[in-house]
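Labels run A, B, C and D following the written order; every chain starts at residue 1.
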Amino acid sequence: MSFIKILGVALSRGRATIRYPLEPPLITPYFRGRIEIDPSKCVGCGACARICPPKAIEIVEQGDKLAIRYFVGRCIFCAMCFDVCPQSAIEVTKDFELASLTLEDLYDEVVHSRRRCSVCGEPYLTTKLVDRVLQSIAPELRERLEMCPRCRRESVMKVIARARIRYAEPVEGG
Amino acid sequence: MDLAKALSRLRRSLWVFHLNTGSCNGCDIEVLDALTPYFDVERFGIKLVASPRHADVALLTGPITAKTLPKVVKALQAMPRPRLVVAIGACAVGGGIWFDSYSVLGGFPQLERLLRGLGIEIDGVVYVPGCPARPEAIIYGITTLLGVTQQRIRKRVRSASG
Amino acid sequence: MLRRDQVIDVLKREMSDSVLEISELRSATIVSVDPRSLPRVSIALVALGARLRMMVASDERPWRACFSLYYIYAFDREGTNIIIHAPLDPDRPTAPSIVDLVRAVDWYELEARDLLGIEFEGRPPAPRFILPDDWPEGVYPLRKDVSVEQLRALYKPSPLEEARLLGAEEIVRIPIGPYHPALHEPEYFELYVRGEKVVGARYVGFMVHRGIEKLGESMKYDQVPFIAERICGICGFVHSTSYCQAVEDALGIEVPERAEFIRSLILEIERVHSHLLWFGVALHLLGYDTGFMHVWRIRERVMWLAELLTGSRKTYGLNVVGGVRRDIDRDRLDKARQVVKELRKEFAELVKITIDVPQVRARLRGTGYLSPGEAQVFAVVGPTARGSGIDIDVRKDFPYAGYKRIRPRVAVYSEGDNLARTLVRVDEVFESLDLIERFIDEMPGGAIRAEKIEYEPYRIGIGSVEAPRGEVIHMVITGSRTPYRWRVRAPTYQNLIAVPTMLRGVDLADAPLTIASIDPCFSCTDRAIVINVATGASRSVSLREIVRRRR
Amino acid sequence: MDPILVLASILLTLALVAMPPLIDGVERKVRASIQSRIGPPIIQTWLDLMKLLAKEIKLPESSELAALTALLSVVISVALLCCLAVFTAVRMVSVGAALAIVMLIASLHGLSLLTACTTANPFAAVGSFRRVALTIVNEAGLLLSIALALYSIQISSRSLVPLAISAAMLAISGFANSGRLPYDLHEAEPELASGTVIELSGPLLAAEIYSHLAERMALTALPMYVLFAALAKNLVVRCLGFLAGSIGLWLVFAVTSTVLGRSRVDLAIRSLGAVYASMAIAWTGAVLLC
């Protein structure tokens, strides 16, 4: 008959319920919730989008604009983006009250302007990223950074081709 | 049938049916957890029922796999109106980590489009992100759907240059 | 004692004509054989006492112009793995079936046939259950010549049900839906009942096929642990650990000891939460909801603890190849010790009370019987095996992570009924609580992640972990930037085959508990699709027919 | 007839008819506190019924009969409560009265079987067959205990022990009949079905739930009716004692079912048979001794 003792257990433990949402939730300081992107720190490099396992962070390119689009509805709260962000622009909050009546409200976009290529005029990287890199590299490399990847490749190819011709000349001449 | 009247009565008595559409069980055990002493959703008049015929709300978890799709549609169809849906977890909201796999539909938004084509109305949806959605988040989602708590999250578009 | 070389000697001596090549891996020996000799090799290995852990089929045409089958056999007592590798014809991959010799290979062969198009000779033709019924003919998702995008273009899920040859809808008609008795998982057992007695059962499942293995082959090495963790929301950490160990095994990465201890610590916490969850659900299935509520009440502390240590209640996101992402400080470890102490006391009290409830006792004892012999034949693992007197546990037989230093005591009961499986789990909870304390006490300092990791293609590694449900085993063939082939085998995959046997003669009322007694995790199992056709031998009558007749 | 008796009958009937969902709310609260949680408000079951009344009726194909059986079972269960209230108020304890009550209870069980058949759901069918199997044993127990109770009343001037034993027996058969744990076998497998009512929705479900609760009320009130109608001569004491006793017994049942698990059909039949047999022997012993 010792199963009756369950009444004793119930009496001694009392009410376990937390009256959430009237009382605070059962949450620890280490909980990983929604991420918060700081638009002033974000340079739009896209490292977060590349590592994000469920592709909840995406890079959306629209003409002159580039958006880092975070869809919290697909986020798995792993904080890999927090780990890789070179600018420490991503913060992990403890926010879990994310319920929404519309899908729209689950999107968070940080919009960047894009730099236009100095040669062909096509937009490529974000202005902020290019500016940041321009400050830190040698002046002779700057010119190339102001080109889009395609034009840069072409200009590099040209240099290589020129070098090869110069290198080949004495052989043919000799 | 007076839909508005029925909906207002749902605020104090809500019977839920658990509809797993191929989830990893993470959200499902949190749904079950919400029934247990620490969270005890029965205090809101929420009761888990075994048949969709009795249910007011389908707690939908999982990305909706190809094999469960027909069964999910049938279960939703069997629910008497007004019928509500709580899409729980990253999978049900946005397809989760497998949103681009070949054997899943990719979340409730896709299903809703199909349902509209089949003429099955849903009278209210709430999306609860989380992976898994913690019990408090599920409670918050349901109370938001019933209008007891207010939705906090809003769409944001911010400029990085400003 | 059987040593690896002795087994190889036997193979060499008896079938020198068919052994093509022998090579050594870190944790296994690969013996390449002529596919035609597979039955002979299997007989030889089984005669030596080998247990089939897993069979992996892989499309290796881009690499070495063949399809491959890998049969991973284990000699548990000696901790030896022998992998029999059979290269198959790249254009018409066929192999002899060994299902008559090794019962446990049944599902693997069906899966290989359906996902890779490998034909097994000597099997009776079975209808396709892999993938949905309306899946296009001749498309094999795990072949390398088809991408996920192409598969998505080829197949759109249909909301309307196709008529099933099986008559699966005969018994459970929607709107009940084929939902799991314990956790509402979409899984479906067709029970054949006479009166109240079950005379046969058939598993009709694989509702949760999400194509994980295919997705994993297009993800970066460090992204895969996150998808692996989501194979199962209950024991996900097991899968990410197993995956990481497989990659580490393939590439020879040394994991720092502190990282290994953290992994083991979290694995044990996961086992406690999983077993408490199971125990609660089992009580709920026996109608004892008060017990369910109290067990889950104390389980909540474990969930809280998991969040404190890892940042998430479930899907901890802690594992990466080469170690763990976050360290755990002393302060939190002390809190963990506190929780463990309280938990041990409360759980001991609850177990005593709940097992004493008359209905619980009466319905656990003697139901769902699985004899030790049958357990061996089906190659069941975990508490299902240990409840039938088979003393296997990966932590003891193939020590990994922290278990290399701290060995667990393994609980074995020989009764083979639902009660035995329950008691195994109860004992394991106490053992896990002890282990958690020991891991905390003896945790070494140092780094938590291997420093430099270089990925080399075409290396084979296996990683196995003792999950709450039994042995989980992952095999990885590495690629240069993503895994080339990643195969996951969850414990339920092995254990489900035994369920129809356990159900035979059980009362209908005890069927849900008996199914649940292997602690099935269908989302683990269903990353691929299989069906088991093992109906009762006697004349089977569907439930609905009975209803019709009685009316 | 005495107008005061008429008034008392009407009041008692109203109380009995209004009470079942309310005490069910209390039962849920008690269960919750044994499970260390808060539980629903006491009026929750009424709120549930109100909500169901506002919902759509969805009937599975070819089960139009379900509407009829649901309404019929409400009518019968209310009639049952009516009988108990009036019989108590006017102190009518006779073979005829007992037969009327047993007939009504039996027809309720018959109806639920019919409901299950109309819905053609295998689990509803399994549930109702189990219920019938259990009812056969229980009805025997019920009849036996009523017979013993009637005889005990006649000899109550000599000794109250036989009456107490037969009332306890009546309470046990009421408990087993009321579909509570461990005897709620008609619920079939716990998560696969909710027994005979699985296919019903909206107002029909409300009707079934109400009639189920009303039947529970009747079964709980039955031993109290026997005790108070037989012993309490004062009208006020009789009526209030009957009501309070019924509520008290209901709560005892609630606590009992909370600490037990669900039985199995064969176990249930065997254990109940044993209980009835041993109590009958004890009763015989008590009668012979006094």
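We take it that a residue touches a chain if its C-beta (ideal position, glycine included) is under 8 Å from a C-beta of that chain, and two chains touch if they have at least 3 such contacts.
Keep in mind that this is a model prediction, so the values were computed, not measured.
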If a chain touches chain B and chain C alike, it appears here: A, D
Other chains in touch with both chain A and chain B: C, D
Pair of chains joined by more contacts [C-beta pairs], B-D or A-C: B-D
Most distant chain from chain A by Cα centroid: D
Whole-Å gap separating chain B and chain D, where each centre is the average of the chain's CA atoms: 37
Rounded Å distance between chain A and chain D, as computed from the means of their C-alpha atoms: 64
Inter-chain centre distance, chain C versus chain D - centres from mean C-alpha coordinates, in Å: 47
Interface hub residues of chain A, defined as touching at least two other chains: 3, 6, 10, 13, 15-17, 19, 26-27, 53-54, 76-77
Residue list for chain B, restricted to those that touch at least two other chains: 36-38, 40, 43, 50-51, 53, 78, 96-97, 100, 131, 134
Contacts with two or more other chains, residues of chain D listed in rising order: 34-38, 190-193, 198-199, 259-260
Chain contact topology (line, ring, star, complete or other): complete
Parts of chain C lying in touch with chain B, wherever the complex brings them together: 131-132, 141, 148, 151-152, 154-155, 157-162, 174-180, 183-186, 206-212, 214-215, 226-227, 230-234, 236, 277, 280, 292-294, 296-297, 299-300, 303, 313-315, 521, 523, 526, 529
Chain B - residues contacting chain A, complex: 37-40, 43, 90, 93-97, 99-100, 107, 109, 124-131, 133-134, 136-137, 139-141, 143-145, 149, 151-162
In the complex with chain B, residue positions of chain D that touch it: 28, 32, 35-41, 44, 47-48, 50-51, 54-58, 190-194, 197-202, 205
Chain B to chain C touching residues, read off their complex: 18-30, 32-33, 36-38, 50-53, 62-71, 73-75, 78, 96-98, 100-105, 114, 118, 131-132, 134
Touch list for chain B against partner chain D, complex: 1-2, 5-6, 9-10, 12-13, 15, 36-37, 40, 42-45, 47, 49-51, 53-54, 56, 78-82
